[in-house]
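Next, two complexes with subunit A in common: one pairs it with subunit B, the other with subunit C.
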Partner chain A sequence: MAGAFDFAPAIALLPFGSFLVALFLGQYMPKRGALAGIIATVGSLLLSAWVALTVAGGETYNEPVYTFVAMGENPIQFGLLLDQLSALMLVIVSLIAVLVHVFSLGYMNDEGETGLPRYYGELGLFTASMLAFVMSSNLLMAFMFFELVGLCSYLLIGFWFRRDGPPSAAKKAFLVTRFGDYFFLIGVVAVFATFGTAQFAGEESFPHLAELALSGEGQVTTMFGLGAEAWFTVVGLLILGGVMGKSAQFPFHTWLPDAMEGPTPVSALIHAATMVAAGVYLVARIYGFYALLPTALAVIALVGGFTALFAATMGVVKREIKQVLAYSTISQYGYIMLALGGGGYVAGVFHLTTHAVFKALLFLGAGSVIIAMHHNENMWDMGGLKDKMPVTYYAFLSGSLALAGIVPFSGFWSKDEVLYETLVHGIGTDGGLGVVLLLAYAMGLIAVFFTGFYTFRMVLLTFHGKPRSDTARNPHGVHWNVKGPLAVLGVLAATVGAINLVPVHALVGSVPEFLHDWLYYGPEMLNGHHYHELITAGEFGGMSAGELPGLGETGTLFASAGISLTVALAGSALAIALYRGDSPVEHTDRLGSAKTVLFNNYYQDEYQVWLAQGLTMNVARAADKFDQGVVDGVVNGVSSVSLFGGSRVRRIQTGIVSNYATLLTLGLVALLVGIGLMGGWF
Partner chain B sequence: MVPIEYYMVLSAAVFCIGVFGILTRRNALMFLMSVELMLNAANINLVAFSFQNGNLTGQVFSLFTMALAAAEVAVGIGIILVLYRNFDDVDVTKATTMRW
Partner chain C sequence: MLQTLQISGTAALAPTLVLGVTALLLLLIDSIDPEESSSALLSGVATLGSLVALAAAGAILVATGGEPQSLFQGQLVVDGMSLFFTFIFTSVTTLVTLASYDYLKEFRYKAEFYTLVMLAATGMTLMASSNSMATAFVSLELASLPSYALVAFLKNNRGSVEAGLKYFLIGALSSAVFVYGISLVYGVTGSLQFDAIASELGNTGEGLVGVLGVGILMIIGGFAFKTASVPFHWWAPEAYEGAPAPVSAFLSSASKAAGFVIAFRVFTVAFPQSTVGVDWVLAFQVLALVTMTLGNFAAATQENVKRMMAYSSIGHAGYVLIALGALTGSANQAFVLGAGMIHLVVYGFMNTGAFLFIALAEYWGVGRTFEDYNGLAKQAPVACVAMTVFLFSLAGLPIGGGFLSKFFLIAAAVEAATIGTYVLAFALVINSALSLFYYSRVVKAMWIEDPVGDFEVGGYPTGLYAAIIVAAVATFLLLPALGLFTNVAVDAAASMIQ
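And then the complex of A and B:
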């Protein structure tokens, strides 16, 4: 009997079909391809749900679909790996994709945009690439779809290519992520060279081979004379380069705020479910590999914690609603990285899930506000929208509470678990790794304060107070196709945390931790239990869970939750205190020169532009000079010497046939005389 | 029977006359004739050795050479005609326009 797994390829092929349909036939369809996209993504969602149910029944799937290059024992294949992690991600991605397609009806069709077949085509291809990426069974296939996701984001960010901003933002997104992807590509090659395979799962998978090699049971080829662990760390960090580019981690985060130039539904898709999620999903996918490498884990945690804090501070001063959300996205992905680096696999995946929901909600809510404000995104022109658009307000509020991490909204549960896991592993682990984890934890904790602050600053400026412009006094109405997705996500953002109520579970044992159980009982070597063993094993991750002095395990859990909740509430309360009232003023002006630095994004763009123009350009120019001058000079010199010599030497040709005959005869005579002399005739 | 040396001397003499003609004459027709002389000097050699060895192959070969010489003359005369049309002369030293 055909089961869910037999239809799994269709999860990616359906949106791909909608891409073709929208692109070629969209012009003739009633909604310019939107219906094809909605039907396809709903189909993907249903199939994903079916796959998830089948996986919940205990079955998993890891089979090749198509052999790309047949070579010996380890052919390069396209395959599907459907386990607990990918099934969860499939459901998230297709759910967000459906809602974004529906929302696009309101944001694009009703606003009279042109080029809609192209828009829906790209949206379909984007969804298809991401779904295929999620299902990939090996690193090379993952890399290919990773790149396709990057290409589609480039196309979508630059959708309004006739304006000035979007094409430049699209190019920036493409180039910055590509820079990271160079490292990823080298990493893929290194994985092939080291293990001979790039499979994610099974006995012959590269994480498993790495595990065997590190425990001394297997042999691998390392390079540059490095030991196995050092070399694996290098490979892991190379792959991490691609992850940091895609997930916009410091210092590759600069593309993401600019990517706000794209249509808002696209921003929701990019930042909630696809592009940016692809990076951290990859780390979770090969967590069995990273769990072996304490140095790589320390780097991941440190980068994550730093990015979380760094981006959150910049979100505090921004004027435009989407810019605030952009920095919050960078910051939240920092948390996911922090969780993964801190040994909290389940926490990372949990935050990935809740963040996908509440960030999609916030972006779609921002999109609704932008429709209402006639595409003015400046929060200082808004205000008082609460009464005019209640559905958007309450949905947005739900997302904001989740983002700020206020109990009992979803973000609280996941962010708390992220911080808790990092804290206990930081306390319990000896040596440098423990210190790094504690440092990363501290940065994550401070970021919670800023998160609460910028979130409520955004909410109050947008929805509360008195309208500060004419458009805000008479906002444009929005239809069901905007309110529907918002309502769905608003409810989810409030409730999705219920899938993993760790503190409640600790208190009342009968409340299950669904996500924890879900991820812990995956296929062999791909489940959270195995990762936990690797993380805590002395010869691999070398972490161990500690607890705050005198509190015990449960006490530490509640202390951690209490601390982060207090900090979040403090940040939120400060924002509410400063920005409430009818006409709030820009309190961040009091920061003085610090604000200038924050507003200019710590001059990150400037130094990267300097790197490109001041440094790379000069190096390229010098290389060009060398090429044009030295290399081409030698080649040209040889050719002009030949040409000059030829032009002189050809003068010996007289064109008189008698002369040639004379030469021939003389030559013959000389030959005869020569042969005669040699042969001794005379 | 005439000894083979006499034929050789005759053939060498005819060949040298041909070479001398090519080296000294400027008239294209004389050129052609000198080339014919050289060809026939070779023919004499072929026939003489064939007679010496009692083997007819050389004589047959010289028949081929004569047929070839006839064809060559046909082409040669054609070339000379074109030469005359282009340069109003059959002097081979005048036709130097194709050198560089």
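And then the complex of A and C:
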């Protein structure tokens, strides 16, 4: 009987169909292709939910769908891997995609934008690529769709290509992520060269082969004379290059704030469910590989913790609402990386889930505000929108509380678990890894303060106080197609944390930890339980869980939650103290010279521009010299030889048929004599 | 999976019969009213006939699963290999007859043209099924004789007539060499049937290896003529240039594939490398190397687009010869042959398409040199996109199936892991790089250069356009969809090699 898995390819094919329909027929359709997109993504959502239910029933699926190159024992295939992780991600991505499509009706159609068929076409392709990426059963297929996701975000960020900003932002996003993907590509090749396969799951999967090789039961090819573990770490870090580019981790984060030039619903999709999520999803997907490599884990945790703090500080001084959200995205993905590096697989996926919900909400909320403000994004021109747009306000507030990590909103539960996992593994693990985890934890904890601060600064400046401009006094109304998605996400942002109430479970055992159970009982070698074993095994991850002195396990859990909540409240309280009242004023001058540094984003762009122009340009010039002189010289030499040879050949073709007959016969005789002499016939 | 069905002898030959009957039907239609023959009717019947044959070949392949069916006491055999090639022949024939609708509008004797094409196609499908030297020779002649007439079809054009005559003379010489080779092999083994020859090989007398070797090399000569390989290639540049462009398309794609299918069968079934004692693999290695190098080098210096395509077609014959030159003992033989078959499928579409674009240019009265194509993209963007796809796919860029099929050939040659095959793989890479140079000259002329004079294209002929676009779409789709063909090809090759 045909089950959910037989229809699974349609999850990605439906939005792909909407891409074709919107692109070619959108011009002739009401709403210019939006309906096709909505129908397709709703279809994907329903199918994803069906797949998730089937997976919940204990079935998983890992089969090839199409063989691309059938060669040797390890053919290059497209396949589907549907397990707990990918089923969860499918639901998230298709849910956000539906809401973004609906919201676009209000943001794009009602605002009278042109080029809508292109917009909806690209949106469909974007969704399709992400869904296919999520379902990928091997690294090469994942890489292909990873690149498609990158291409689509390039197209969408540059949607308003006639203005000055968007094309340049799109190019920047493309180039910076491409720089990371370059390492990823080498990583894919290295995985093939090392293991001969790039499968994610099964007995013949590369994480499993790596596990066998490290425990001395299998043989793999390593390069450059490195030992198995050192080489695997190199491979893991190469793949991590692509992850850091896509998930905007330091130092590849610079593209993301500029990407705000795209339409706001696109920002919601990029930040919550597609482009940026793709990076960390990949780490979760091959967690069985990273869990073997303590050095790689340390790098992931450190990069994550540092990015969380670094980006949060930049978010503090921004004037545009979307800029604040952009830095908060970078910071939040830092937390997810921190969790994965700190041995908290479930915590990382949990934060990915809650973040997808509340960040989509915040972006759509910001989009609603931007519609109301006639596309003015400066928060200092807003104020007082609370009474004019209550639905947007309450939804946005729900998302903000989640982002700041205030109990009981979803972000609190997940961020708390991220910090808790890192803390206990940092305490319990000996040696350098433990120290790194504690350092990363400290950075993550300080970032909580800044998160609370910038979040409430944003809420207060946007919605509270007195209106500070004419547009804020008379905002443009928004329709159901804007309010609907906001309401759905507002409720979810408040409640979705309930899927994994770890502290409550510790207190009252009967409250279930749904997500924990869900991820722990996946297919063999693909579940949280297995990852936990790897992480804690001495020969692999080498972590162990500790506790704060004198508090015991539960005590540590509550102490950690208490600390992070206190810090979040402190940050929020500072923001409220500074920016409450009818006419808040800028306090950035108090920061002194730090203000300039923060406004300039720590001069990250400047040094990258210098890298591109000062350094790369000179290297390119030198390479050009070499190319012009040596390579071209050789090529020109070869081509003049071949042209000369070619003209000789031309001359033999005299056009006289008796010459041909002679040459034909002579050629045959030469062949006969040559082969005959070698074969000893005469 | 469908069950393997037993198909009776006549039914298994359905594609051949359909093509033959279509040829006769065309003559019948023409005899009713020779002066007022309708172009649409004739082209339609011919296209329909080849489509039916195409469908029949597919249906038989699905129904029998490529299981060999021996017919007429083993004179003919219908198996995966022959059906696979029938697919190529009928596809090319369909495209050519469709395109000829517009091309031939102004000419007389249209019915004769289509009949000859159909008869040649019949001969080709018979070549694919031939299982003895006698049927091989007869079917080769059945494919060749109509071709001579087709090349000389433009009776009032000196170039066409001269090309036809040269083609015929070289063809006669080559047939003589071929049939002499057959007689020598018959003299040594005492049989004509391929499997019987193979079983007699072990019993040849001590002194007869030389005679057998000369015979085998002469048979290679016969196939080299059909595939336009060195040193039997002399006719090709002239015939392709002089012939009407659809005929050039037909000859360079289908006729070449026919030469290869019979060569594949003869050399794997009748002269298996393990028992024959004659190093024909080396001969094919030499021929492949010389053919691809000569074809590409000569193509690089041409001024005339059609003649450039003629030499490029010689170069591609050299690439496919790798499939025979890499059949060493160490090779994965099914994969090697399969790679050659796959290249011929892709080549069937991309090369036919390119020649049909030249037919379109001739239809418009555009000149023949590179300069005459300048700025054509401004007037006919769709056709020029199609031509760009053909040319880049021919060069092996990943815009069409040509990229993967060349990759398979390289992989097959490298896997065979002998010095000779490494040289072949290297030569393929070098020659492909060189070919990119001359293919992109056409692309540059079409898209970048400004038109020389103010030239207006005269209309957009439906049939030609349809054929070109179908070929372009097929070329493009063969990149992702080549996986569908690889299994069929490798299975067919494997079952023939045993």
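Methods note: the second predicted complex is superposed on the first by the 628 of 682 C-alpha atoms of A that agree within 3 Å, B and C clash if a C-alpha of one lies under 4 Å from a C-alpha of the other, contacts with A are read in each partner's own complex, and residues count from 1 in each chain.
Just so we're on the same page, a contact is a pair of C-beta atoms (placed from the backbone, for glycine too) under 8 Å apart; a residue touches a chain by one contact, two chains touch by 3 or more.
Every value quoted in this text rests on a predicted model; they were computed, and no experiment measured them.
Number of subunit A residues touched is higher for C, counting subunit B against subunit C.
In the superposed model, A:28 makes contact with neither subunit B nor subunit C. Applying the stated contact rule after C-alpha superposition, one finds that A:66 touches subunit C and leaves subunit B untouched. Contact with both subunit B and subunit C is seen for A:655 once the two complexes are overlaid on the shared chain.
Applying the stated contact rule after C-alpha superposition, one finds that A:224 touches neither subunit B nor subunit C. Looking at subunit A, you'll find residues 650, 653, 655, 657, 661, 665 touch subunit B in one structure and subunit C in the other.
Subunit C meets subunit A in the complex at residues 165-166, 169-170, 173-174, 177, 209-210, 213-214, 217-218, 220-221, 230-232, 234-235, 237-238, 277-279, 282-283, 286-287, 294, 297-302, 335, 404, 411, 434, 437, 480, 483, 486-487, 490. If you check the complex, the residues on subunit A that touch subunit B are 650-651, 653-658, 661-662, 665. Residue ranges on subunit B touching subunit A, taken from their complex, read 19, 22-23, 26, 31, 92-93, 95-100. Residue ranges of subunit A in contact with subunit C, taken from their complex: 66-71, 639, 642-643, 645-647, 649-650, 653, 655, 657, 660-661, 663-668, 670-672, 674-676, 678-679, 681-682.
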